[in-house]
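Shared between the two complexes below is chain A, which pairs with chain B and chain C, respectively.
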Partner chain A sequence: MLKIKFLAAVFFVFLIITVASIYLYSMNKQPDTQLVEFTAPFVFGRFQIPENNPLTVESVKLGRHLFYDPILSKNNKVSCASCHKQSLAFTDGLALSVGVSGKALSFNSMSLVNLMWGPRHFFWDGRASSLENQALQPIEHIDEMGSNLANLIVELSEIKIYQTLFSQAYGELSAAGIAKALASFQRTLISSNSRYDKFLRGEVSLSEDEEFGRKLFMAHPDTKVSLRGGNCIDCHSQFLTSGFASVFDGFSNNGLDEDINLAEGLYGLTKLEAHRGLFKAPTLRNIAVTSPYMHDGRFETLEEVLAHYNGGIKRSKTLSPLIIEADNLSDTKAEHISLNLEPHEVAAIISFLHTLTDESFLTNEAFSDPFKKGELND
Partner chain B sequence: MIKPSKIIGLMSVVLLMSSIIIWHNTLPKQITLRFYPTIGDKPLELNNARYPNPGGEGDFTIRDFQFFISNLELINNRNNYTEHESYHLARFDVGKGYYDVIIPDVSVGKFQQLVFNVGVDRKANGTIVVAGDLDPNSRMAWNWQVGYKFLLLEGSLFTQGKQKPLVYHIGFNESYTRLNFPLNSNTVSNDGTIELKVDILALFNQAELIDMNEIPNVKFDPEDVAKIANGFQNFISIL
Partner chain C sequence: MKKLILISLVGAMLISLGCTEVKENAAANTTDQPIDTEKNIEKSQAIVLLTGLPTLGTKDSIAIIELDPESDNFGNILYDYPLPKFDAPLHHLYYSPNGRLYATGLGSECSLAEIGLVRNAQAKPVITKVECLDTQGQSVGEDIMWHSVNGKLHMFVTFMGGTDSSQIDAGSVGVFDPQTNKVLKVIEARKSQVEEGQPYIMYPHGISAYEDRMVVTSTVHPNLTDGVGNTVTVIDLNTFEPIENIITEDAKPVGFPSSPVEVLFVRPSIIEGVEPAVLVNTMFGFETWKIPYDAKNKVFAKPEKVYDGSSAGTGVPLEFYGNDKELFISHAIPGLVKRYDLKSLPSLVPSGEDIKAELGAHHMIFYSSASGRKLIAVQNNLLNLGDAKDNDPTDVDFIAKLNDHSLTVHDLTTGERLGMINFKDKYQKGIDNVETLFGSGFTHHH
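What follows is the complex of A and B.
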């Protein structure tokens, strides 16, 4: 009898240990995920994906759904895609974006492209230090999407597709998962098939005008050696055409306003006076379809942008010395700031900028609205 | 019977060997090259501090200062240490105002000489390969047909109430300059740090002083580039 009791006790303890082990194992179990395979041109250089957010097929799929789902907003009417439309290279065509409050926001919607390269600080004023950190800010911003994250998580957890997608991507539904998934989807938005890319790969030649524009784009003018230039390269890197990645090298004061009207810009993040009025130099990929231009969308056309650099520069304390100094005439220095480009040179630079449009990126189905494709039941 | 002198001799050898082993194991296992930027004898203060124009009227400020150090070597009589993908972009706008190059797993006591170059060697300067801090999409790249800026110095010159931009972008293969420094107990601290001074004035205080008013920008004019790059020889010294 005693022996049976003893055996029963042993069995009972064994059972508890087994159940507890299975429970603990299932709690800590990472979902089986598959890394995304992608290609990018060698000339883009090193890319960065955070170690704690590997780029998986599952996280990208979840991110794509979240990106296009207005459930992320307080009134269920605004999604990320409301201000980042694929056909406009993920911009919205407005000078200043409008969210749930109906008020114009402070900034022009930024194009989302090649985000694994270029500046490591996001938003026009660099206030987010990672894509993950960036992703939740519009969701919670009172004028953008106006959501409460705790409420959003409850809402999402009641929807079957999100139960599945979160479980597959991260094993659980959390705010961190929302941020990671949105960041992952955005990392896949790679544009590398424009005419400029094809030219770099040796597949096409540029027209005479485009090639003339490319040379001007890539040159800082130097009248001492008769080199004419558009000086674009001083802020927009040669292959990515974005701002530079290192530290805050990708931010510049490009002479939009005098001191009295100078917006904070990067100063808001660093609190350094030298950074007042500095904004992120955006990528110029697909620039022909991302009008209007500048952080506040003040210029409607590329002609207006070029006119700004060609005589419209306003002085301020933090204005880039490269902009003041870049002049294609030798005798106008320090008086009136202008590139002093000829009209045909301006036109050539604009022709080159048009070679940065990547139709296959603007129409790539992998980046499109999954809800329109009936992929909900995947 | 062993003679006491033999025992003392043996003990001395053991003691000597132990000392050598202990001394060897306590030697720092990495070398840190620490670069301090200066304007003459004054530490460089970016943006705010004004310094007198070395060759003429007015005062100047520095907004940005970066340069490449490349192909670092440590030399002794028998074998040398050569750093792989040795391209370091020295910059001073982050951290504590100095720039460190750390060479891990190297004991300083073994070497007599430190060698590195200001600039980017001809081969790397003619390619778009990403190596070390070389990045063809960076601010230091002109474009693939021209190569890299070896040194970037930007700021303003103030003369008689007027502000003039200063832009010195110094590149070209001819400017690549090899520097070497002796390594001994005077030049290396106990923790393996070698402190170096980077004097911006050395670029302008040459046999013929360079007036920033006369030459406020240098980019592609070979004569002007050579004038500034000539200063690379005296640009860096051991503190």
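What follows is the complex of A and C.
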């Protein structure tokens, strides 16, 4: 009898262990996902996707839904897409974006494109160190979307489509999942079909004006060899992607203000005086459709931007030395900083900048609002 | 037996624990950790043309290899793209100013090709296609140069076989639209077709240019038997016509004409304020020549011999490569690279000890190791022709001896050899050309 009891006890323990193991296994089981496949131009350079957030079909689909869903905001009226409209290369056309509070935010909405290249610092002032880190900041910001993440998770968990999408992508619904999914969707926003891309591939030739502008864009002026230059490439060498992959390369003070009015910029992150007034040199891809310009949207047109570099530069302690010395003059005039470009040279640079517009990116269905497309039931 | 099982089990456990640890480390990489892209693991990777060796049953391919001697992957092929079978191997790789990848080829079926290089979703470089271009019958492609003529960029290619390689004085320079790859003009002036004493182009190989003057060398007939040249041809880029032949020949150490091979137009864009001159290596003359150029009057002066390999114990000088401080010249015999002070050009002022490579020292690349050590890798193969000892039908005279089929890697500062990959031993293939994955980044042509 004792033996039967003993065997029953052993069997019971074994049963408990088995059930617990199955339960734990199912809890920890990662969903079966499918990696996104694509090719990108080699000239864009190397990119990395975080090992703990592989780019999967499921995570991108979830991220796309979240990106366009105003449920992410406190009042259910503001989505990521409110400030990042596809037709405007994921900007909003405003000098300063406006969120749930109705107050103007501190910065101009940045274009979202080719974000896999240059992933060290996001936002104009570099305050986010990854796309995942960046993704949650606007959601929680009191003026942008004003959401409480815990409440948001409860809300999302009550919606069937999100139960399904989170389950498929990550197995569970969490704040980390929201960040990862938004980051994944944004990583797929690849633009590589502008006229300039086609030029690089040899599919089209640039017009004389565009080619003249390209050469000016690429040249740091050197009067010793009679080379005139627009000096653009010095700060915008990563102009086809989203910035630099190295620590603080790509942050620059481009002479918008004197010392007394100099905004914090990168200083806000590093607390180094040398970084005061330095902002991220943004991508120039689709620049013709992303006005107004600069971190505070102070310039309405590309002509105004060029006019700034051609005579509007204001001196300050951290002004880029590359800007100071680029004057196209044999005798640099210390008191007045300007590129001294001729009107036809300015026009040519602007013509070249227009070749960076990628219409297929601006209308790519894969990046569009899934709610409008009725893809909820996919 | 039990002991064996026990060891196996313990081993399996250790492996299992190892795997777990890796996964945990990966999981610890929280979402707000920045991705460390500053460690560019591709800086030490090279793209190479590998040639199948007939007696070893291997086939031609384009490969990406790891060349950092500090890496566990040193010498490993990271990616291999099998090439279609052409009548002769691809020969040289070149990146265009816009980053497009091209290859010349030693045959007629694919004497010039554009190679589609992209990244896949795992960020790995992959080749999508090798598109053989229409050269209007020009064969045996050698060197490519992109140069602006009156403000417009052109792609120039030397074809040692010209439009008819059966001619004993074959050769042409193809002028291509660099956007469309279409032939704009074939510059051809066969010696037998021009008036006596008029300039001609024959077996052109090396190419270089400054302003509106281009120089191409006259090397050797592609079949290596029908003829050998001894001149540099000057082409007026305003008319795309040859205007002068300059003989660079002195002693004939092996009894052949000098066979000028690679050429470098030393010019102010390379060294600020330099007096322009053309440097010429003569493959069978074993010499390096200097041809001073008066840019104002567009006149080339009498050539001067600035290096004599016969007396210095070197032979078959081949390539010119440079960085911002030095010029490097490879000598297939005895297999070394000589280095010169860049600022002293066009004079050849040694800047350091020779880099001792292997027989056939030819192309080279410059790069850094993971720890930041500056490196040079030398490809040691004159031509990927086989050796009669292997019953290889592609053996041609002494050239087989100049095919070490290897890459040697050296410290750039000291010349110390840090590693070697013998492609014949390791992959049963020869290596025809090497280029850094991101392009040479150098100022000089080869």
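Heads up, the rule we're going with is that the second predicted complex is superposed on the first by the 360 of 378 C-alpha atoms of A that agree within 3 Å, B and C clash if a C-alpha of one lies under 4 Å from a C-alpha of the other, contacts with A are read in each partner's own complex, and residues count from 1 in each chain.
As a convention for this text, a residue touches a chain if its C-beta (ideal position, glycine included) is under 8 Å from a C-beta of that chain, and two chains touch if they have at least 3 such contacts.
Given the structure is predicted, the values throughout are model-derived calculations rather than measurements.
With chain A as the common reference, chain B cannot sit beside chain C without a clash. In the superposition on chain A, A:222 contacts chain B only, with no contact to chain C.
In the superposition on chain A, contact is made by A:325 with chain B only, not with chain C. Residue contacts after overlaying the shared chain place A:32 against neither chain B nor chain C.
Look at A:158: by the touch rule set out above, it reaches neither chain B nor chain C. In the superposition on chain A, contact of A:233 is made with chain B only, not with chain C. Of the two partner chains, chain C is the only one touched by A:202; chain B is not. Of the two partner chains placed by the overlay, only chain C lies in contact with A:51; chain B stays clear of it.
In the superposition on chain A, contact is made by A:247 with both chain B and chain C. By the touch criterion defined above, A:365 lies against neither chain B nor chain C after alignment on the C-alpha atoms of chain A.
With chain A as the common frame, the single stretch of chain C that clashes into chain B is 368-376; none of the other options in 368-376, 386-394 or 422-430 do.
Looking at chain A, you'll find residues 43-44, 46, 224-225, 245-247 touch chain B in one structure and chain C in the other. Remark: chain C residues 26-27, 29-35, 37-38, 40, 42, 98-100, 114, 117-121, 123, 125-126, 128, 178-181, 268, 272 touch chain A in the complex.
Chain B makes touch with chain A in their complex at residues 46-47, 63, 89, 91, 93-94, 128, 130, 135-139, 141-145, 154-156, 162-167, 169, 216-217, 219-222, 224. The residues of chain A lying in touch with chain C in their complex are 35-44, 46-53, 55, 119-121, 129-130, 132-133, 176, 179-180, 183, 199-202, 204-205, 224-225, 245-247.
For chain A in complex with chain B, the touching residues are 43-46, 117-118, 218-220, 222, 224-225, 227, 233, 237-240, 242, 244-249, 272-274, 321-322, 324-325, 333-334.
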